[in-house]
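Multiple structures follow.
Two complexes, one shared chain (subunit A), two partners (subunit B, subunit C).
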Partner chain A sequence: MKKKLPLGAIISLILGIIFVLGGCFLLANRFMPEPLWSYNSAYLTDNFLFILFGALAAFIGILLLVYAFSSFKRNNVDNEKMKQHMGMKATSRISNTVIYVLLILISIVWLVPFICIVIQSFRIQPTGMTRYLFENPEAGLKEGLAIKFGFDNYVRLFTQTQFPKWYLNTFIIAIIVAVVQTIIVLCMSYTLSRFRFKLRKPMMQFMLILGMFPGMLSMIILYQVLKDLGLALDNAVPGLILVYVASSGMGYYVSKGFFDTIPKALDEAARIDGATRAQVLYKIILPLSKPIVIYTVLSAFMGPWGDFVFARYISNGRIGAYNVAVGLQSWLATTTMAMENYTMFCAGGVIVAIPIVILFMCLQRYYVEGVTGGAVKG
Partner chain B sequence: MKHYSDLEYLQLSKGKRFGYRVASFFTGIPKALWNFVKKIGNILKNAGLAVANEAKDIVSTFVQGDWKTKVSYLVMGFGCLARGQILRGLLFLLFEAVFIGYMIITGGYYLSMLPSLGKVGPHTEYNAILDVDVPVHGDNSFKILLYGVLTIFFIIAFVYTWRVNVKQNKIAEQILKSGKKLKSGKDDLRSLVDDQFHKTLLALPSIGILIFTVMPIVFMILVAFTNYSSINDGYETNLFHWVGFKNFETIFSWDVGGVNYAATFGEILTWTLLWAFFATFTNYFLGILVAMMINKKGIHLKKVWRTILIMTIAIPQFISLLYVSKMFTLNGLFNGLLLDLGITKQAVDFWGNTDNSGLLARIMVIIINIWIGIPYLMLIATGILMNIPADLYESAKIDGASGWKQFSKITLPYMLFITGPYLLTSFTGNMNNFNVIYLLTGGGPTNAVRSGASGSVGFTDLLITWLFKITTSGSSDKGSEYYLASVIGILVFLVVSIISLIVYGLLPSVKNEEDFQ
Partner chain C sequence: MASVKLTNVKKVYDNNVVAVHDFNLDIKDKEFVVFVGPSGCGKSTTLRMVAGLEEISGGTVEIDGEVVNDLQPKDRNIAMVFQNYALYPHMSVYDNIAFSLRLQKVPEDVIYNKVTNAAEILGITEYLMRKPRALSGGQRQRVAIGRAMVRDSKVFLMDEPLSNLDAKLRNQMRAEIILLRQKLDTTFIYVTHDQTEAMTLGDRIVIMKDGYIMQVGTPTEVFEMPENLFVAEFIGAPKMNVLRTNLMKAGDKYYVTPFGAKLVVDGEKGDLLKKKQVAGGEVLLGVRPEHIVLADPKDEGAIPVTLEVNEMMGSELHLHVYTEDGTRLIVRIPTIDLTPEQREGMVTGAKLYVTFEGKVMHFFNPETEKNLLF
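Let's turn to the complex of A and B:
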């Protein structure tokens, strides 16, 4: 068995290096005060396209590099197998190329807004909405319009606005809701999955019907009641926790589906050995349910970060009691406010998103399991 | 319509088959509705029988029971106490005491005021000390309605507990008669973590759902029959009263003070259904497509593609939606891009009302919703695609089926079969998809023709965002018309439940459960 150097891998390696370097050059060029290479076009008033092409080129380059290295590795493992593989692939090579192009396009469409929000969060002048990312076409006309980047938005965010308070509010809500909601959802779903009692079916049907009422309907009365209890307006945080937690029993479907898959024989064996129902839950079921517990905690934790309706209605204009969603939205409420605060909104969004994205990425596996399981079981 | 048997059906041509299926769907609707009515009738009948049985049992227990049981009919828990079940007896007794105390102190008042919702409104009263008329609060309609409902709940709970108390006596007598020992308080507590563990587990969630979901819904349904609004808030401004079905008439009438509510409602409902349809199915098919592309044999970096899409789930929707909404404004990045490329000479007002139908905004909302929704569908579809038995494809290949044939004859039917219930829930979920619409457009662009209706209706408004707008802003002269909001809420419920009922009966995974097993 003779080892052959794969031509395709070498070509993609070279191309990959060229693309990455070129892309990086295009990107870096835009950030320099005096571009190494400038262009002169009536149309291209903006560098949006350059950034796009730069990022695209770098991205394709990285993909090519990964492909090259992986095929080197495989080539070393088993040349013969590789040949077979390539033969099979030859038929679908064209369609695969099309798919790669589509997937790259999709990735760009999905990522560009997030890249843009990060870039705009660093812009300190102008602070309003713009049609350009990096270069102001009118900068030559008026000195004051020159574009500037820096960390000012982030500094302002934490020193001159209520943002830290909102962040803390949301964080407190999210932590408490994550804990309590998980307990409630697990109680509910475990019971409905494992116990057979008279009211079980009617209860599930009743909750199904309740779920068909728009939740927003109860907002008016909940606000009035919470106001009477002193848990609305300035005290919206405990009020919101109460609202989120209290009705969380309705969301039992996903974890019930999971519990249904744990064989009942386990329960029965433990019961025969003299364990009480409670012991079965703590000692047998819970240790087996790590994925679904993590899924429940994760989705309960992420919920309050995005809730807008209840948070806004219950805090009803008291700035100190906002959560991040209501607070950041209020910065863009009117056009004049948006001109003032747009880039700061971007910075706030980045600060909110980063920890959640990191957490989510770490626990991704469990989330995927939960989502797919939930949909299949209906 | 002629009903075909399976064999006859298979002999039909493709076009006829399709026509037959469409026709049978529509002719099936009245039957489904009739079944629904019949079902409700049955439920009512069964409920009546159950009540009659209970009543019979109560009477017979009283007649046959000993004196301890008979006293228990008045003093709850007496039987338990007398027979040595101290814990149970005390709980019953405590509950009765609390109930009677509550009814005397507050419950009675609220219950008696419930029919009128308050008699004395806010008014001015002569104050002798200050020698001026000072404003005084009268009854509080809101509290009367709220506590009235709570009192009724409480009475129902009391009746139920009383019934349990009677039953307990009967059971205790039977146990004693057969010579066994009664359960002690200690046994009761132990059974709460064992036999009766479900009661312990369900106690907290059920109370939460009762107070924070059921009670508000009952209250808001009742509000639909009153004139509760921010200018008739029942305490500070005016009392509110029962008005019967007047609010439903308002929504369905052509002319209410110059506003055509029927047309407004019809337009918004149509758009809501259209939106739910497009939002569900564009996401569904494109999501499957993306999942199939990623999962295709020979595509590398599967994890990378998946992670890129999943990342967008992690970012809170209000950030991505608000940001994307701003990207498409007149001064947004997307218009910059279009101008740079020379595609348009002038910035496009995506959220504006250029053609007075809001068509562009509606299309944009659906497109951006695809951007939001595909990652979820990709995840779900990936899980299901991997479960499709590979031998189905292999035998299809041997028989010479093309890629498209394989997709349309194996993949799609399988997906539809498994995800039928999911499609239904996501359809109804999209009907109530507040976040996407409100954060992207705020319901705009404003519909000038319907400007008189409460809550400044826009072209992309769903029923749910209209409800929110009525609640928060309302109209200038009538304030926030909560009663209108709750009428809309009830109608949303009706639409959702009717769709669910009809579609659920027609779902293949419900009808032919065994098809793919």
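Let's turn to the complex of A and C:
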């Protein structure tokens, strides 16, 4: 019987060695008084990242090595049947390992900026942008350059700035838009999914084509109209609600697709049982479409929550009518301002992210189901 | 409990396909009417027009003397059972049955009584708190029937309620529907493509084809006196044998001459031919498989045939045979009439002699396919 080493084990062995050595190198580099190798970049001089990446690489490398050795050991079991059985398992384990390693790497790349922002939001001094996170390499040379951490940015945010007002603006807009847009989208989808009327198809095609034009095209005329209506500048909040809600009917695709998968016989049974069309929608269809309702609410909430362009030009410099995105950006308008406000900007960003993060943590299961549910039937 | 009257009812779809032409039918109070026909014949469409789920393109539908053309389904006071049950998946069995009552704002204690009562009749009491997906097909169908039962509606509509069930369960549920009908004592309209269901359940059967009514009649009428060839072939299993042959009149007797044999038409059919003074000539002769019998080779009307396939059905044999000119016939013979030797002789290639029973023959016009005696 010929013993064959599994390819996956060999690959993970090699990768493991590379990762461990690389990780150790990065770590060693950090702790040596004289760096073996230095990486010069305008943006990445901080040793924090070296440590982070080095430790992670070493950890992944160790995992890979453990996997490789255990798979060599298993390979020595002299049992043909057993081996075949294990072969299947090993293959799926290899592909799983590869997938997880990739996912971990991607999530690190994704998370690093957020971690940096959170860390910087706690920095009291210096307040501007820096190339380092924890320690100023020049601090030893000059007095007063050492980094200090604390909650000052957050305190300042809520006591000395317009931030609470902006936050409230954004919150009001997002909540109202989420409610109204959800109602409009769900009614629209139900209508297009269940009713047959003249011009239904042409209307859907028209909306599809209309949706291909970027919303920015209407910017100038929209501003004029809203200004004439008195809904721009200081009154930007109701104006913005109008803008976001106005086109919401066009976002019916996902939920219509989902509704289409619910058998029409259910509607018919309910109608014979005495339900009106509206009762059919909220007693039968909506309870069966929970993921899509949550998806609709979330996307309707997030649009205005993070919007910058519309909010910026409709408020047009009236500080009281800003939303968070516009307000925070205004602190970085010039380099001088940025030097002063950058860490506070980071603190603002963290506060803005909190509700979205909480929403997603609670509802991400439904959100994923909602996005993919239309295709596979929920 | 109400009569249903359909007058010149028509259904034309947007693409100008006509699904139902000029449908006229008067359904009496407490009658059980079955619409039967091959798929695409418009039977479901007609039912759905009565239910209000399809728009009526022409004519009127009356329930209890009231024209309901423009009424919403909820205002027609009907109950319906669907082929795929259409149970609400997010509700328990109890809530499913109670749904219509809750919409009518019936007090909860009345709902409780009605639901438990219906559940008891249908034998689903122990499943009341389950969700539909935890039920088997037969149980689901019972829930669907229960949902229709509690409504005390004027008309009970059923759209192929048994076709999703397996054969055994279907027979059982068929018997239960007969019992249910006796208990409910209301007007039923039942749609099926299965002629057995139609024959066993219906007071009257409406046989449809391509949107036209082919015949309306009691099960006995449509079986013994089919109005046309389509009905004759559709009702009865296995299918009626149809041959092109000559009908001759000699003296005051009528004869048919299939495959060179000379068979006399006697009994009721012979009398009817005489009464109608049918001239004779080329006809389509219809003989049901059970009306072909084994004959002695010496008999006058014996037709020699060769056995091709012998299907043993238990109480009877279905013999697929072909004559000398290659025409295929199906013969149905009760097993009890055969001696063991005869049974063993029924193998592929065996030579047999058969003859047709003269008193139960059917004659159709070869062009119009109408029954000559109707």
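As a convention for this text, the second predicted complex is superposed on the first by the 269 of 378 C-alpha atoms of A that agree within 3 Å, B and C clash if a C-alpha of one lies under 4 Å from a C-alpha of the other, contacts with A are read in each partner's own complex, and residues count from 1 in each chain.
Just so we're on the same page, contacts are C-beta pairs under 8 Å (C-beta built on N, C-alpha and C of every residue); 3 or more make two chains touch, one makes a residue touch a chain.
Everything quoted here is computed from the prediction, not taken from an experiment.
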**OP:** Could you figure out whether subunit B or subunit C reaches more residues of subunit A?
**Re:** B
**OP:** Applying the touch criterion given at the start, work out whether A:276 contacts subunit B, subunit C, both or neither, answering first, second, both or neither.
**Re:** both
Original post:
Once the shared chain is lined up, is A:202 touching subunit B (first), subunit C (second), both, or neither of them?
Top reply: neither
**OP:** Examine A:263 and indicate which partner it touches, taking first as subunit B and second as subunit C; both and neither are also allowed.
**Re:** second
Original post:
A:284 contacts which: subunit B (first), subunit C (second), both, neither?
Top reply: second
Subject >> Touching both subunit B and subunit C, residues of subunit A >> reply: 276
Original post:
So in the complex, which bits of subunit C are touching subunit A?
Top reply: 14, 51-53, 72-74, 78-80, 82-84, 86-90, 99-100, 103-104, 147, 151
Original post:
Can you list the subunit B residues touching subunit A in their complex?
Top reply: 142, 146, 190, 193-195, 197-198, 200-202, 204-206, 208-209, 211-217, 219-220, 223, 290, 293-294, 296-301, 305, 307-320, 322-324, 326-327, 329, 331-333, 335-337, 339-342, 347, 371, 375-376, 379-380, 382-384, 418-422, 425, 428, 432, 434-435, 438-439, 463-464, 467-468, 471-472, 482, 485-486, 489, 492-493, 496-497, 500, 509
**OP:** Please give the residue numbers of subunit A that touch subunit B in the complex, ascending.
**Re:** 43-46, 48-49, 63, 66-67, 70, 88-89, 92, 96, 99-100, 102-103, 106-107, 109-111, 113-114, 116-117, 128-133, 184, 187-188, 190-191, 195, 197, 207, 209-210, 212-222, 224-225, 242-243, 245-250, 276-278, 281, 302, 305-306, 308-309, 313, 324-325, 328-329, 332, 338, 342, 345-346, 349, 352-353, 356-357, 359-361, 364, 367-368, 371-373, 375-376, 378
Original post:
If you look only at subunit A, which of its residues touch subunit C in the complex?
Top reply: 196, 263, 265-266, 268-276, 279, 283-284, 287-288
